[in-house]
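Heads up: the structure comes next, in C-alpha cells.
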Amino acid sequence: MHLILFIVFAGLCLAGALNLLLQKHPINSALSLVVVMTSLAVLYLLLGAEFLAAAQIIVYAGAIMVLFTFVIMLLNAGREERTLGSKAAVALGFPAVAAILAVIATVILKAQDLGSVSLSDGITSTEELSRVLFHELLLPFEVTSVLILIAILGAVSLARKGHGDQEAGK
Amino acid sequence: MGGVEMNAIDSYILTLILLVPLAGALLIALLPDRGKLSAWIALLTVLASFGLTLHLPAHFLAGQPGFQFEVTQPWISNPAINYHVGIDGLSLWLVVLTGLLAPVGVLASWNVIQTRSKVFYALFLVQQTAMFGVFVALDLMLYYGFWELSLVPMAILIAMYGRKEGPKAATKFFLFTFIPSAPLLVAILWLYAKTGTFNFTELQSAIAGGALPAGALFWVALAFLFAFAVKVPIFPLHGWLADAFSEAPVALAMVIAGKLGLYSMLRFHVALFPEQVKCVAPVLIALTVIGILYGACLALVQRDFWRLIAFGTVGHFSLTTLGIYGLTLTGRTGAVYQTLNQGVMEGALFVLLGVIYSRYESSQIAAFGGVAAKLPRTAVFFVITSLAMVGLPMLNGFVGEFLILSSTFIGVSQGWATAATVSVILGAAYTLWLVQRVFYGPESALATEKPAADLRWNEWIVLAPLALLMLMMGLAPGLWLPTIESSMKLAPIQQTSSSQRILLPPLAVTFHDSKEAAR
Amino acid sequence: MTIWWFVLWSILKVLVVTVVLLTAVAYTVLLERKVVGRIQNRWGPSRVGPFGLLQPLVDGAKLFLKEDIVPTSVYKPLYLLAPVLALGCALISIAVVPFGNPEVAPQGFRIFQISDVNIGLLVVLGITSIGVYGIALAGWSSNNKYSLMGSLRSSAQLISYELALGLSLVGVVMLAGSLNLRVIVESQAAHGLLSWNIFGGFQFVAFFIYLMAAYAETNRAPFDLPEAESELTAGYHTEYSSMKFATFFMAEYANMITVSCVATLMFFGGWTSPLGNLIGPFQNQIINAILPIFWFVLKVFFFLFLYIWVRGTLPRFRYDQLMNFGWRYLLPLAILNIVGTSLWLALKQ
Amino acid sequence: MIPLSWYLLLSATLFCLGIVGFLVRRNLITIFMSIELMLNGVNLSFVTFAHQWHLVKGQIFVFFVMVVAAAEAAVGLAIIIAIFRARATLAVDRIDLMKL
Amino acid sequence: MNGPLLFLPLIPLLPFAGFLLNGLFGSRLPKALVTLIALLAPLGSLAIVAHDAYLFWSGAITFPVIEQGAPTWISVGTLHVDFGFVLDQLSLTMLLIITGVGFLIHIYSAGYMAHEKGYWRYFAYLNLFLFFMIVLVLAGNALLMFVGWEGVGLASYLLIGFWFQKTSAADAGKKAFVVNRIGDFGFLIGMFLLLANFGTLTFSEIATKIGENPGWTGGVLTCIAICLFVGAAGKSAQIPLYVWLPDAMEGPTPVSALIHAATMVTAGVYMIARSHAIFDRSPVALSVVAIIGAATALFAATMGLVQTDIKRVLAYSTISQLGYMFLGCGVMAYSAGVFHLMTHAFFKALLFLAAGSVIHGIGGEQDLRKMGGLRKKLPVTFWTMTAGVFAIAGAPFLSAFYSKDAILYAAFQQGTFGRVLWAVGLFTALLTSFYMFRLWYLAFFGKQRAPELHPHESPWSMLGPLVILALLSIGGGWIGIEKFSEWLAPAVGTHAVEAAGGIPEWAFSVIAVSMGLIGWLVAHVLYFAKPDQPAKLAGSFSVPYKVLVNKYWVDEIYNALIVKPLLMISRFLLEWVVEFAIIGGVVWLLAGIALLTGAILQKWQSGNLRSYAAWLAAGAAALLLFAGAVLLAANGVDIKWAGWK
C-alpha cells in the first residue's frame, strides 16, 4: 500500500516537475508545480508529517501558487519568447547538474544506515510540533513573523504604481 | 592601572563616546527627514559626545605609564579579537579634538546641507564613531575595523554632496585609501598568525622581543606605513587630496586628511616597529621635506582655493610627518601638537572657505576680490586662521612648527631642516596671496553681483571658539604639551642623541667647531 | 486483509455521500429559488411536481442535454479542467466532515464520516484553498476580459479572506485542543446549547468573522463580485454553458454546504443535540444513530437558509470595500479574537 | 516498507530539475517557480531526515522554509510586476540591468 | 624679587588691552572712546617705562633686570622657553623711544585719521603694533623676541594694507610680510643653530657662555651671526631685502612714521645690538654687516635723489639711515648705532609726520612736483620740517650731527676697510643732504605748482607732536656719544675707541658738516635758484637718471629672477609634469589597468541571470565533486548517518 502510494505520488511529483520544465506556457508550469506540491504533501503524509502536509497544501498550493497564477494572469504573460539565450547556461549547466545529481545520488545510495518508512509509523502529531515550535523555537518563529511583515511591506511598496511619487502627496 | 582608583564612569567612558554618535545616527535614520530635525539631533549628539570627551582630560593622569580608561572585553574568541580600548597622552587630545570638530562640522553644514540631510547627518555620525574608534582602539583588528569604517561614509558623502564631480572624487579617494588598506590587513593578519594576538601592547613587546623574522617584519612595517602615508597624505601619495578637498562637504573636508594617518603612524608604525622605522626614516624625511616644498610651490600656482588649500595641506602634513620620523622626543611631541593645531586650523579654515563658497558659489580665486568689505567678520577670522597656518608666533601653528623644525635641525639633519624651513617663506607667500586675492583689492564683479551676508549665528559660534583656541594653543601650549610629551617619552624609541644622527649626506652642513661650541 | 475492507467501506461511503451531497445541492438550489421568491413576494418554481419539487431534476436534465459549446479562442485544456477542479475540490472537503455520532461504528468502521483525520480542519481549509484554481483557471482560460476580471477578483478575494477565515477558527481550535473535527465536536457536547463554541466558548466574534469570510470564500452575496452580472456579465463562467456551467453551479452550492457544515461543526456543536444530555441516549440504536444526523442537518439547513436570506436582502459590496473590510476589519478582529481567547484560556488554567 | 533513500533520491531529483528549470527557462516567473521547486526538493529531504531521526525540528525547518518561501514569493512577484511594468517583458535575457 | 615693582608685563599688556577693546568692540564704540582707549594704552606704557627709568636713576634697581619665574611658554625635552623679560639700558632706551614716539604718533593719528571709516580698526592695529614692539624689545630670549619680531611684521602688514581695497596697498602689505619672512627664515635658522650649539635661546645665558670661552671665534658663530643678520636685514630693509619698505608707504603716513621709520625697522639694529656677544666674535659677520650697511646707505640714498613722492623720498632716506646704523654695528660701534637709531627715530618720525601734515594739508597729494610754496600756508609744518631736514642733513648741534659723526668716526678707525666705509658714509651724507633739501625746496619754496590744491594747516593734535619731535630732533643728540656709550656699555659692551691716526675728532665733524653743506648748496642751486636745471640735467644724464628713477630695476630683477622662475617651475615643472603627468599618470595607469581588467571580466558579468546560475551550478558541482569524489574516496571514508542523533 505504502509502496503504491509512494510510486504514484512520486511519479506524479516527477511528472509534474518535468512538465514544469517542458511546458512553454507559464500557467501550465504553475499548475504542474501545484501538482508537484500536492503530491509532495501526500509524501509528507506518508512520512508522518501530517501538519506539514496540510501546511504544504495551504501555504504552497493554496497561497504561494495562487499568487503565481494570479501574477501570470495579471501580467497576461504569454508563451515564452524565443530570445538569444546564453549558451553558457546550457553548455555549462547541464553537465554541472548531472554531476551534482550523480554525486548526491552516489552519496545517498552509498549511505549505510538509512532507515525505512512504512505506513502509520511515527506520525508526528501537531501538538508535538507546536510544543517544540512554541517553546524551543519561539524566537525564530517570532523572527519569521517580522520577516513576513517586512516582506508584505516590501511587496506593497514595490508593486505600488509609480513608486510612490503620485501617492507621496497625500 | 596600578592601584589607581577607577572612577565608576571611567571604565565605560570610551565606550560611551563610541556609542553616542552611533546612537544618534540610528535615531536620525529612524526619524523622518523633516526640516532641521536631523541637524538638531546631530548637533545634540555631537555636543553630548564632545562633553563626554572632555571627561578624559579632566580625569587623565599625566605621566602614568600605559593606557588609561582601558576596557578589554572578549569579542570573538577565535580569532582572538577583543573589544580593547584605551587612551594615552597621544590619543587623549586627538579624541577631544575629534569631539570638538564634530559640532563644528554639524554647524558648518547647517545651512549648506539642505537636501537628504538625514543621510548626511547619519553618515556623519557614523564617521564620527569611526574616528573615535581609530583613536581609542588598542586591538589591531578593532582598529582596522574602525579605520575602514571611517573611509566608507566619507566616500559616500563625497559622492553624494560633491560640489561638481563628487562621484569622481569619491572614487579617487576610495581607491587611494582602500588599496593600501589591503596590505594593511594582510600585515595585521600576518602579525596575528605569528603572535596569536591583536593586542597592541602584547604585539609591541612581541616585536621588541625580536622573535619575529626581521626581514618579513620590514615588509609588514612598510605595509602599515603605506596605508598611513596615503591617508596623511605624504608626497607622492597625495593624488586624492586635491579632488577630495574640492568636493567634500566642509564637515568632512576638515577631518579627511591628517590626524587619522598621523596618529596611526605614531601609534602603529613608529611605536610598533621601532627598528624597522629607523630604516625607512631617512627616506621619509627626504620625502616629507620634498613634500613640504612641493606642496607650497604647487599651492602658489593654484587657481582654485580648495586645491590651493589641498596642496598647502600636503605641505603642512608633511611637516608634521617630518616631526614624527625625525624620531626625536621634541619632534614627535611637536608633531602631535601640530596635528592638534592642524585640526583646529583646518576646521576654521574649511568653515570659512565654506562660508565664502556658499555665499558666492565659486572657488575660482580670480573671480574674487574685495570681499573683505562685504564680509568683514569673515575676513577677520580668515586672516587669523591664515596667520595661524603661516605659523605666526602666539598663534598655535608656530609652536608645533618650531618644535618640529628645531628638533629636526638639532637632532636629525641641518640641511633637510633648513630646506624644510624654506616653507616658512613659501607658506606665507601663498597664504597671504590667497587672502589678498580673495579679500583685498577692489571689489570684483562677483563680489558686487552677489550681495552676501556676513557670518551667521552658527558660523559665529563655531569660529569664535576656534579662533580663541588658536590663540590659547599658541600662548599656552603648556596645557597640552606635558601630557603628550609624557606618553611620547614612554614610547620605545631610543632618543636619538646627536651622535646617532640619521645620516643624510647630501645636504648636511658641518661646522668645524660646532661640537666644541656645544659642549 | 482489513485494509481492503477499509477501502471497500470507504468507497461505499464516498458514493453515498456524493449522491446525497449532489442531491442536497440540487435541492438547495430549489430552496434558494423558493426562498428568494418569497422574499421578493413571488412563488418561485412551483409547476414541476408538487410545490415544484421536481424542478431540480428537470433543470439538471436541461443542462445536461444542452449543446456543449467550446468557444474557439479558449485555452482548451484548462478551460475543461477548471470546472472539474472546482467541483472536485468542493466535493472532496466533505470527506472529513462527521455527520453523525461516530460511536456508531459497526466492526470498527465509522459510518457517519468518510475519513477521520487528525488534521481534519486543515484538510478542509487546504482543499478550499485549492478550490480557487477552478475559478482562476476558468477565468483565465476563457480568454475573455470579463472572465479574467472575475477570476482575478476571485483569486484576490479568496486569498484575502482565507486569512480571516483560518484565523477565526484558531480560537475554536485552541478551545478544543485539536484539529480533529470529531474531537472538536465532542468538546462541545457536554451541555448542549450552552457548551457550543458560539455560546459557551464565547466565540461569537469568531463566528461572525467566519460567516463573513465564508460568504466571501464561496463568492456569495454580498461578496459575489467575481460573478457580478451587472459588471462582469457572469464573471469567470461567462464562457461556460451547459454541463460545464452546471458543474460550476454545483461546485458553488457544494461549497456552501461544506462551509455550513464546518460552521456547524466548529460553532454549533455539530451533530450534538442543543438540549445536551437532557434527552438521554435512547434505547433504540437506530434512533441514537439517526437523531444526531437530524440535528446536524437541521443546523446545516439553518446556515443554508441564512445564506439565501442574506443573498435575498443585502446589496453587493464594492470591490475596494470588500478588500478594506477583509484586511482592515476582519483580519485584525480575528487576531484580537485569538489574543482574547488565549488570554481567557491562560487565565482559566 | 520503503527505504528512505528513495525519498532522498526523489528530493535530489526534484532539486536538480529545479536547477535545470532555472537554467533552461527564459520566463522570469518560470524561473521563479523552478526556485520553488528546488525549495520543495530540499523540504522533502528535511522531512525525510526528520523521519529518520524522529526529530520534530526537521519538520519545523520545513515550516520555516515555507515561511521564507512565502515571503520570497510576495516580494519576488512584486519585483516581477515592477519589472514587467518597466520593461513589458519577462524574458530574463532582456533583463540584464539592475536598473528599472 | 623684593625689589620695587617694575610692572614689566604691564608695559606690553596695556597696548594689548587697547587692541582687544578696540578690536572687539571698536566698531560699536563712540569715536571719542576709541581715541581715549587707544591713547591711554601707550600713555600708560610710557608712564610705566618712565617709572622704571626713574627707579633706575634713583638707584632703586640695577640693570639688567631679568625677570625671574616668568610663565613658561614652550617646554619640551631640553627646549625651554618662557615669557621672560629683560630690562637693561638697551631695552629701556628702546622702550622710551617706542612708547614716547609711539604716544606722540598716536596723538597725531587721532587728528590725521579723524575722518577714516576704519578709525577703530586703525587704532587697534596701532596698539597691537606697540604691544609686539614692546615684547620684541623686552624679550629675554630669541624666541620671545621672534614673537615680537613676527608680531610687528603682522601689524605692519595690517597697517600697510589698511586701505585694503587699493590693490597697491594690499600688494604692498603682502610683499612686506613675505620679504620679512625671508629674513625670518634666517632668524629661525639662527635660532636653530643657537639651540643646537648652546642649548638655549636666552640672551644672557648665551652671552655668559661665550664670555666663558674666549677661544670661540668665527665658525659656527659666524653662521649664527649671518643668519641673524639676514633676519635683521629683512626687518630693517637692508640690501637685498629692502624692497618692501618703499612700497610700505602705501600705509597711512603716521604708520610710516611709527613703524617704517622710528621703531619697527630699527628692530634689526636692536637685535644685533642685543646679540652683540655673537657678532663680536665673528669678524667676518661684522664685516658683512658693515659692508651691507654702507652699501645700503649709499644705494638707497641714490634712489632717494630722484623720487617724486614725498613719502618715498623719506622711505629711501630711512633705508639709507638704517644702513648707517648697520654700518655702526658692523664696526662694533653698537652704541653709536643705537644712538643714531634714537636720533633717527626723532627726526625721521618728525619728517614723516610733517610730510603727513603736508599731505593732509593739501588733501592727500603726495607728489612733490605738485607742491611748492607751502611755507606760508603751513608755517608750523614748515618750521618743524625744517628742523627735521637740518637734523638729518647733519647740521651742527642738531641730533644727527652727533650720531652720524659717531658712526663715521668709528668706521674710520677700522683700518683701510673702515676708511672706505667712512668715505662711502661721507658721500652718502652729501647725497642725504641733497635730497632732503631738494624735498624741502620742492615742497615749501617757489610757487605753488598745482593751483587746484587748497593748502591748510593741520589741527593742533597733529602739530603738537610735530613740535615736540622737532625739539627732540634738535636736542636729542646733545647727550653726546661718550655719555651715551657709557650708559649703554653694560648692555652692548665697551669697545675701545682708538685715536684715529692722530686726526682730531672735530676734523671729522667739519668734514661731515661740509658734506652736508655741499649737498644743501647743490640742492639750493638746482631747486631754488635755477628750478629749470634738474630737467636739463636729467636729459643730459639720461641713462643714470633712468636707472635711478626705476630704482635700479631691482623689483623687476627680483621678479624675473626669483618670483617668475619659482612660479614657472611650480606651474610647469611641478604641477604639469610632476603632478599631472607623473603622479597623475601613475594613478591613471593603475586605474586604467583596473578598468581594462574590469572591462574584460565584465563580459563574464553579462547581467544574464541564467549564465550566473550556470556558473553557480558549475561551481557547486565542482565543489561537490571535489568534496565527494576526491576527498571521501581518497580517504576511503564511508558515509554513515548513524550516531548523529
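Residue numbering begins at 1 within each chain, and the chains themselves are lettered A, B, C, D and E in the order written.
FYI, a contact is a pair of C-beta atoms (placed from the backbone, for glycine too) under 8 Å apart; a residue touches a chain by one contact, two chains touch by 3 or more.
Source: prediction; values computed, not measured.
Looking at the partners of chain D and chain E together, the chains they share are A.
Here the chain-to-chain distance from chain C to chain E, counted in touching steps, is 2.
The chain with its Cα centre farthest from the Cα centre of chain A is E. Using the average of C-alpha coordinates as each chain's centre, C ends up farthest from chain B.
More C-beta pairs touch across the A-D interface than across any other pair of chains. Here B is the chain whose Cα centre lies closest to the centre of all protein Cα atoms. Centroid to centroid, with C-alpha atoms defining each point, chain A and chain E lie 89 Å apart. With each centre defined as the average position of its C-alpha atoms, the distance from chain A to chain B rounds to 56 Å. Computed centre separation for the pair chain A/chain C is 28 angstrom, with centres defined by C-alpha atoms. If you average the Cα atoms of chain B and of chain C, the two centres end up 76 Å apart.
With touch defined as above, residues shared between interfaces to two or more other chains in chain E number as follows: 606, 608, 610, 613-614, 617, 641.
Counting only residues that touch two or more partner chains, chain A has 51, 55, 63, 67, 72, 74, 85-86, 89-90, 93, 97, 100, 104, 111, 114. Multi-chain contact residues of chain B, defined as those touching 2 or more other chains: none present. Of all possible chain pairs, the ones that touch are A-C, A-D, A-E, B-E, D-E.
Against chain A, the residues of chain C that register as touching in their complex are 3, 77-78, 118-119, 122-123, 125-130, 132-133, 136-137, 139-140, 148, 151-152, 155-156, 158-159, 162, 166, 177, 179. Within the complex, the chain E residues that touch chain B are 72-79, 143, 146-147, 150-151, 154, 157-158, 161, 164-167, 169-171, 173-174, 177-178, 181-182, 184-185, 188-189, 191-193, 195-199, 213, 216, 218-221, 223, 566-567, 569-571, 574-575, 578-579, 582-584, 587, 591. Within the complex formed with chain A, the chain D residues making contact are 1-10, 12-21, 23-27, 29-30, 32-34, 36-37, 40, 43-44, 47-48, 50-52, 54, 56-57, 59-60, 62-64, 66-75, 77-82, 84-85, 89-91, 93-94.
For chain A in complex with chain C, the touching residues are 1, 27-28, 31, 34, 38, 41, 50-51, 53-55, 57-58, 61-63, 66-67, 69-70, 72-74, 76, 123, 125-127. By the touch criterion given at the top, residues 2-3, 6, 10, 13-14, 17-18, 20-21, 26, 29-30, 33, 36-37, 40, 43-44, 47-49, 51-52, 55-56, 59-60, 63-64, 67-68, 71-72, 74-75, 77, 80-81, 83-86, 89-90, 93-94, 97, 100-101, 104-105, 108-109, 111, 114-118, 122, 124, 128-129, 132-133, 136-137, 140, 144, 147-148, 150-152, 154-156, 158-159, 161 of chain A touch chain D in their complex.
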